[in-house]
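For reference, the structure I am asking about is given below.
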Amino acid sequence: MFQVRIHGRGGQGVVTAAEILSVAAFDEGRHAQAFPSFGSERTGAPVVSFCRFDDRVIRTREPVMEPDAVIIQDVTLIHQVDLFSGLSPDGYVLINTSNSFSDLGFGDFFDQYHTERLMTCPATDIALEHLGRPLPNAALLGGFAALTGEIAWDSIDKAVREHFAGPVGERNAAAVRAAFDYVASKVKEVARASTN
Amino acid sequence: MLRQIEGSKAIAETVALCRPEVVCAYPISPQTHIIEAVGAMVKAGTLAPCEFINVESEFAAMSVAIGASATGARAYTATASQGLLFMMEAVYNAAGLGLPIVMTLANRAIGAPINIWNDHSDAMAVRDSGWIQLFAETNQEASDLHVQAFRLAEELSVPVMVCVDGFILTHAVEGVDLLDQSFVDSFLPPYEPRQMLDTKAPVSIGAMVGPEAFEEVRYLAHLRQLDALERIPEIAREFFESTGRESGGLVRPYRTEDAETVVVAMGSVLGTIKDAVDARRDLGERVGVLGVTSFRPFPSDAVRDALAHARQVVVIEKAFSIGAGGVLSTDIAIAIHHEQTLLRTVVAGLGGRAITQRSLEKVLDHASRDELAALTFLDLDQGAVDRERARMHATRRSGPSAENLLRDRSAVSPRAHA
Amino acid sequence: MTSQRVHFYQVGSFAVGNRLLDEDERTVQAHSDRTNSIDSGHRACQGCGEALGARYALDAAMRATNGQIVAVNATGCLEVFSTPYPETSWRIPWLHSLFGNAPAVATGVAAALRAKGQKDVRVVAQAGDGGTVDIGFGCLSGMFERNDDVLFICYDNEGYMNTGVQRSAATPPAARTATTEAVGPEPGNTFGQGKDLPRIAMAHNIPYVATATVADLHDLERKVERAMEFRGARYLHILVPCPLGWGSASAETILIARLAQESGMFPVFEAEHGVVTSVSHIRRPVPVEQYLSRQRRFAHLFGANPRPDIVAHLQSMAEENIARYGLLQPEMERSS
């Protein structure tokens, strides 16, 4: 089972992101479950959603407390919310920011983690470029695919087009591709750096 | 067709396949997505003929359903929590009149303090109303149960409430194999009312009944629920034979054959419990699970049979009767009525508190060592309770407890990591 | 089911009153082959205004729809006295659900008929003033707002008579009820702002709103027939004196209803789409004292310790009604 927790703010499509990710996993023939943190939060409030997928039937209904990956849609949540609770040292982190991971001021918090699994991606910039709106959720899923390899890029692409019909789907799919390429190249970069 | 779909949408699409003729809706979280989706289908004309009525309250929603059902229409509505309480008088009335309305209950806690999250307090509040109450374990079952519910309701002239855990199921996106129209049409014949408002054969429905016959009317309602005890498994079997899916029925045992300890529960928490039980089985403990699908009518015989060999029964309940204890536990106790069985109640998941596998395993661990108290509140913050008790003891004007607890909590546990 | 031979056991024949009038002036009830929604044998009190009003209203509705009506009834006197177990007086399909939900139940009936394509069958909902202006008010406003195809009839006897004469929001100021006793410096019901349901109904802009009394049954029948010409939400508010609750003589129900109208205490009018289209003019104006003094619920205003100040207050309310609706005959207004 692979478990993902997505943090963001109300209005950024946090719940939609988990749903699309689950559909992508479903399209790959896996069992998948996505659900929100069930809040009554309004626009702008911190929001959490969850997605888990597995090759076996998923029975559990508990929230994702030990995620394999955490996606942060809003960088301003750092130091506001316990974003990395339960994340194992083998876990993945993808943060929506144009800064680099090391610039985010985590100190020695991630010392025990794999550097190539900790990434940032300027998903809002990518979304603004492709959608004209600051909705980073779909783009981050492209980045997630590149970072973890758990879900194929084309499954995300298909799920995004299913969710957003017509031209909006096209534009979101373009953002997914751009973020995927961005993160994929950064992963390669880090891998090259660590082998050198 | 198997689709990755939100629970509410799967329920709405299944309800539409049942061809309801009148749907009335008043919004309340977490039921909203269901009625929104049904409303959209009526508006688009894909669900027709159907009247979708936006009413001004839940009381009106159930009342509209009563009028529609009494006029021979297949009537549906959905609600939750405060909404169910607000319509309570009409809930009893629908059952008393014997009108086969089907209602989805997106289970949610009841305030005060106001709380939109899941537990079973709402369903328990109307357990004596005369409605059949079926609890869904998954969204697949939640969807399937609606078809069975209409069939059952209309056969017996009894309203049926399909209880679906709010948010946990209604807002979860997961794989659901949706039925097709031809199957539903064959499984669910057109509604043929036992009584209806018909100008060609006028009847008075809802007349006053005094002491000379009231008991008989109530007893007849009880007999119809006993009939349901027969029909619920038969309908589930017929459904299984056509679909291959084990949706519905009275109870669902899991690894109980040789189990010394059996956990009893209702609804979506059964999934997490099964994971916990498997983990304990791997450690060599003989534990099993009994899911109760039909809460009303209560399947006493089926429960007794399933628990016959258990030394210890642990009932995990998302509700409790304040000042008494478990609600489901009481029914289980009456059903098993042998003194040698240890009956333990664990109240869990109130107001949406997550029921984790870790906590459940702790319960099973305690149970295995006979250390489980007769009544336990899972993951209770005893310190916070004690501090509030102390405040109440110290000063008369101690203020509202709910707010005090929140303040206490934020003072004790700073919420963010640095 | 549209009509039936009715045997009037009081006179042992099929004959009934009004026979000295011309055929077209007779009430529905005067015809031996009249429609019959509610049968004899119900348990209403002597002189019950509600029983009379309901029979005329529903018979008129039956005639207007060729018998194709369904009635929904709120809890209350009418429901209780018409369906004493194991009997029923209703000869039309009739449903009683609860006290406060008759408008919504009627909406459900109308929706079901619509879904089933039964356009010829019409729905009438009925309630007393408690079931209309108090506990049923939310459902009624919702039904009006949606403009559901329901004629809602309020039989207004100005209090909770079924439970033993308690105050409702339709109880007039100063009236004694079991919860507004005639004691203290301000005896009886307090002077509030009132809850004028006909005007509230008009504010919903529904197609048809009318008031009537059992003193003018021709007018009542005509208004029911007019109401049935419209589709959508319609409201008919009928003043029905209650001898028990008002402390009036059983034989004076019609007289008291007439005095309510002639004194201006109860304006009789009709309105379409929120605009008043006609009023029943006062033929012989009377001071409110004549209306009040015949009812024991106002007895504390007269007698040994009279309260002319309160009577004057009620008179001013009647005059406001007269002015608002122009209730005086035009020539009388000129002469006054």
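Which chain is which? They are A, B and C, in the order written, and residues in each are numbered from 1.
Convention: a contact is a pair of C-beta atoms (placed from the backbone, for glycine too) under 8 Å apart; a residue touches a chain by one contact, two chains touch by 3 or more.
Fair warning: this is a prediction, and the values are worked out from it, not measured in the lab.
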{"item": "Chain nearest the global centroid, as defined over all protein CA atoms shown", "value": "B"}
{"item": "More contacts between chains, A-B or B-C", "value": "B-C"}
{"item": "Distance from the mean Cα position of subunit C to that of subunit A, given in whole angstrom", "value": "66"}
{"item": "Length of the line joining the C-alpha centres of subunit B and subunit C, rounded to whole Å", "value": "44"}
{"item": "Distance from subunit B to subunit A - Cα centre to Cα centre, in angstrom", "value": "34"}
{"item": "Subunit B residues within the subunit C interface of the complex", "value": "21-22, 24, 49-51, 53-57, 59-61, 63-73, 75, 89-90, 93, 97, 196-200, 202-210, 212-213"}
{"item": "Subunit B partner contacts - residues on subunit A that touch it in the complex", "value": "18-19, 22-23, 26-27, 31-36, 38, 40, 58-63, 65, 79-85"}
{"item": "Sites on subunit B touched by subunit A in the complex", "value": "4, 6, 29-30, 116-118, 165, 167-168, 171-175, 268-272, 274-275, 352, 354-357, 415-418"}
{"item": "Of all residues in subunit C, those that touch subunit B in their complex", "value": "1, 67-70, 72-73, 79-80, 83-86, 88, 90-98, 100-101, 104-117, 121, 138-139, 141-142, 145-146, 148"}
